[in-house]
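Naming follows writing order (A, B, C and D), and every chain is counted from residue 1.
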Amino acid sequence: MSQKPSLKHKMHEVIFGTEKGPGRNFDIAVIIIILASVFALFLDSVAAINAKYGHLLFTAELAFTFLFTVEYLARIYCVPNRKKYIFSFYGLVDLIAILPTYLSIFIPGAQHLLVVRIFRVLRIFRIFKLLHYMIEAHVLLRSLESSRHKISVFLVAVVTLVIVFGSLMYLIEGPGNGFSSLPKSIYWAVVTVTTVGYGDIAPQTAMGQAVAAMAMITSYAIIAIPTGILSAELIRESQRQISQQQCNSCKKLGHDKNANYCKYCGAQLPVTE
Amino acid sequence: MSQKPSLKHKMHEVIFGTEKGPGRNFDIAVIIIILASVFALFLDSVAAINAKYGHLLFTAELAFTFLFTVEYLARIYCVPNRKKYIFSFYGLVDLIAILPTYLSIFIPGAQHLLVVRIFRVLRIFRIFKLLHYMIEAHVLLRSLESSRHKISVFLVAVVTLVIVFGSLMYLIEGPGNGFSSLPKSIYWAVVTVTTVGYGDIAPQTAMGQAVAAMAMITSYAIIAIPTGILSAELIRESQRQISQQQCNSCKKLGHDKNANYCKYCGAQLPVTE
Amino acid sequence: MSQKPSLKHKMHEVIFGTEKGPGRNFDIAVIIIILASVFALFLDSVAAINAKYGHLLFTAELAFTFLFTVEYLARIYCVPNRKKYIFSFYGLVDLIAILPTYLSIFIPGAQHLLVVRIFRVLRIFRIFKLLHYMIEAHVLLRSLESSRHKISVFLVAVVTLVIVFGSLMYLIEGPGNGFSSLPKSIYWAVVTVTTVGYGDIAPQTAMGQAVAAMAMITSYAIIAIPTGILSAELIRESQRQISQQQCNSCKKLGHDKNANYCKYCGAQLPVTE
Amino acid sequence: MSQKPSLKHKMHEVIFGTEKGPGRNFDIAVIIIILASVFALFLDSVAAINAKYGHLLFTAELAFTFLFTVEYLARIYCVPNRKKYIFSFYGLVDLIAILPTYLSIFIPGAQHLLVVRIFRVLRIFRIFKLLHYMIEAHVLLRSLESSRHKISVFLVAVVTLVIVFGSLMYLIEGPGNGFSSLPKSIYWAVVTVTTVGYGDIAPQTAMGQAVAAMAMITSYAIIAIPTGILSAELIRESQRQISQQQCNSCKKLGHDKNANYCKYCGAQLPVTE
């Protein structure tokens, strides 16, 4: 009964745990190494730094990859269901974090392939794994999830608007003023409607500027839509204050804080303070 | 009584239905064809692609037009009130989707008219027809509808602000710095107040930059207005969605839409459709 | 008792009334004339149009001014308290709408003064007078009014942020990269924080770009503040649904819809349907 | 008992008080001097003005520093806990407001160091001290405080997105089109996702423009997140403000803060401070 936990079990606690001391410290150490390795990739991509410290940064990359490999193997070793972990989203991200470096070692020339080097940046996704455990992230994701349909309606409207305005400007301004094709005009419309406004393509004719001004003012109401959707959703979420109690009878969750009886089966809910 | 539905009736179900299997599949097929045909128009507008694959894309356009024509005729055939459909918004959009191609076939030279070719892009509006059936779109449209008056007040305020700031900058900067006329200065004001900021026209004098900075900070409060209006409207809308059913036993209100039993007294709630 | 209303009274009803037929039609006519006269000013400011149609537009301006003068005199004639009207905001706007044209007629050369011509644009403010009667505008203004303090706190924070980021960038980038003085650097900070982003001044050094990126991400939280303030205010406004009933005892207004007794003096409120 | 307050006590009231007459006037005087001294720094940084009025502005700076020194010493004199004040945030800001000028007087050449001169701008933070006393600022800060976790989740998401999009564009566009390194590409991504859009770096290839358009549309949903978070928080905050007092007679809650009588039964409400 008071059996000592196995090494495997202890490792699992440290590597996958997030609440208690060692698990938490392990997580923080991993995040720091991830950020350091991504920062090294950033520096390496600057031509001047690469010329001077390229060798040093490559050694650092090897060290980081070694650490990530040890961590990856340790995770595989102590996880209960290995297959499930390896093919899970985070298992694949963990693999992608180390694969490009091995490719660049074993395949001659691969190190110089930009794609191989850029792929390493994807290890930043590993930080999301930690985010995964945060309650706040759950609330935000649930709000995004439940406003999914409304947001897709909004996106269809934006895409249509952008196509119509882009086509109109292609007709009005024409290739002479930078609106050289429909896709380019639509790119302009996206840049304008999202209020980014690079200015690499801008209307030159009076007519084009008038239509562009209309598109900008229209984009105002459009920016308001996703914000309104998400605000409404987050407010509903915060007002709902769903209790964590479970019905003893039908085992369902999701009861309001002020509920005395299960809304699904009518059984009395356990009393909470 | 168990009379077999006529062909016309069956066709109507497939073409106009959206819920059931064949109606849904038909809708999805139409959307894919619409998107493919719009994508072909995009490609055709790129000079390099047009030079190489222009003939192929024209053939594709003919095929798309043929499909749309068949669909259009089928809709006219099986709709109960033909006149109403033909002159409805979507009936006209369906016609506009095929007309330009016929014009370009039968009128020599029309194919090279840019307007005729751009007109075809309007078939993207046909996708809205599908949106029309989505409940989420209804909620958004109802919210926009009921905040119509507030939004028009906001637009009058924006237009006035833009005219005043534009005129002021025309006075301060003058034609020498790109503010060559009142309409152009107002175009600058729209670009600035909507935070698009192309940079094609930008204040050069210290005075002009100070006034521009003021216009930008003012535009902050302005962006907040439509978002606030729509948020308030969407929240009101979402609060309205709480079921209006009353418990027969304790007479209390405020039950969730998915509740079967009263959360206050445990009595079964009356069944609603 | 059934005395016929005087001409003065009838005129007052038409000119100042907004609800009934003739008053409403008069308002619409005035708005159309204002918009037409402002549009004429726009056209006149375009050099090419002025060269060709300058004389015609000047004649139109004279006609518009004549109409506005007749209206102004009629308003003075039929208003009960003449002094109050003349020195009210809208009385002064009405005067400013006609004054510049008379100046340009009676003072030789004044017509060519840009200031005199631009001043005429201010007649656009006359449209606000109509807005004044709209209930929706009242709700928006009341919301802006009651969030006045919060918005000024926000503005102080923005101004401080802009000064700190502007000074920092002046230090980092220096005059060589366009940040030629503190005011100019602060102008850049305003352009950046409000997400306008002209690109006339942009950071060139790696350090400057890093600080600029920080300023941009900070500006995110900042845009959220006024929107959040106004959303909260508009929602409160819409939930409050203050009844229009007046306490018979203390004559105070502002009772909630569900109130039975005056919250100020405790007297029973008149029953409403 | 009716002992006369000491000079120290009186000074403390004037310098640290904010509500009553002399304390309030003192605060306003300090704010005006701060703004004037910051404005003088702005002017001094413009090369043309410095060349002409540099001596005058330096004299003004000496005068401002003298006033701030007197104020700083007076604060130290009359504050109850001197050590605590000196090492508090505002104590340090007060010191920083005067230190650079003394450095530039006593250390030869220091006056020409840009850092020393820019440091003076930090005295703008002294204005925050006043903000500190405003209730509205407290509400805003409390809302920001309680949405701290949600906002940090949002920031992690933004940073990840910006890194992924930046790396992708570095791969697609490459150094030839301005995306010369990973940090620079990420700077571009920040400029784009925050909708600032300088246009100093902009995608040139069709592929790059398509990815950029996707990044822009994604940034839409992202702008909605902090606004939604803060709106929800401010609404919760404003709903909390409804007084918690209960009617002694009918035991109902939900009375406005300014209510003297119960709106349900007309009984007098208990007096709250």
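Assume a residue touches a chain if its C-beta (ideal position, glycine included) is under 8 Å from a C-beta of that chain, and two chains touch if they have at least 3 such contacts.
The structure presented is a predicted model; accordingly, all values stated were derived computationally and were not measured.
Colleague: Between B-D and A-B, flag the pair that has more C-beta pairs in contact.
Modeller: Between B-D and A-B, the larger count of C-beta pairs in contact belongs to A-B.
Colleague: Could the interface between the copies subunit C and subunit D be described as same, meaning over half of its residue numbers are common to both, or is it different?
Modeller: Copies use mostly different positions to touch.
Colleague: Mind checking the centre-to-centre distance between subunit A and subunit B? Centres are C-alpha means, answer in whole Å.
Modeller: Centre-to-centre distance between subunit A and subunit B: 28 Å.
Colleague: Distance-wise, how many Å sit between the C-alpha centres of subunit B and subunit D, to the nearest whole number?
Modeller: Centres of subunit B and subunit D (C-alpha means) sit 40 Å apart.
Colleague: Scan subunit D for residues touching two or more other chains and write them down.
Modeller: 183, 186, 195-199, 223, 227, 229, 231, 235
Colleague: What residues of subunit A sit close enough to touch subunit D in their complex?
Modeller: Touch residues, subunit A against subunit D: 38, 41-42, 45-47, 114-115, 118, 121-122, 124-125, 127-128, 131, 134, 136-137, 139-140, 143-144, 151, 155, 158, 183-184, 186-187, 190-191, 194-200, 223, 226-227, 229-231, 233-235, 237-238.
Colleague: Show which residues of subunit D lie in contact with subunit A when the two form their complex.
Modeller: So the residues of subunit D touching subunit A come out as 149-150, 152-154, 156-157, 160, 163-164, 167-168, 170-171, 174-175, 180-183, 186, 192, 195-199, 202, 206, 209-210, 212-213, 216-217, 219-221, 223-225, 227-229, 231-232, 235-236.
Colleague: So in the complex, which bits of subunit C are touching subunit A?
Modeller: Result: residues 195-199, 227, 231, 235 of subunit C touch subunit A.
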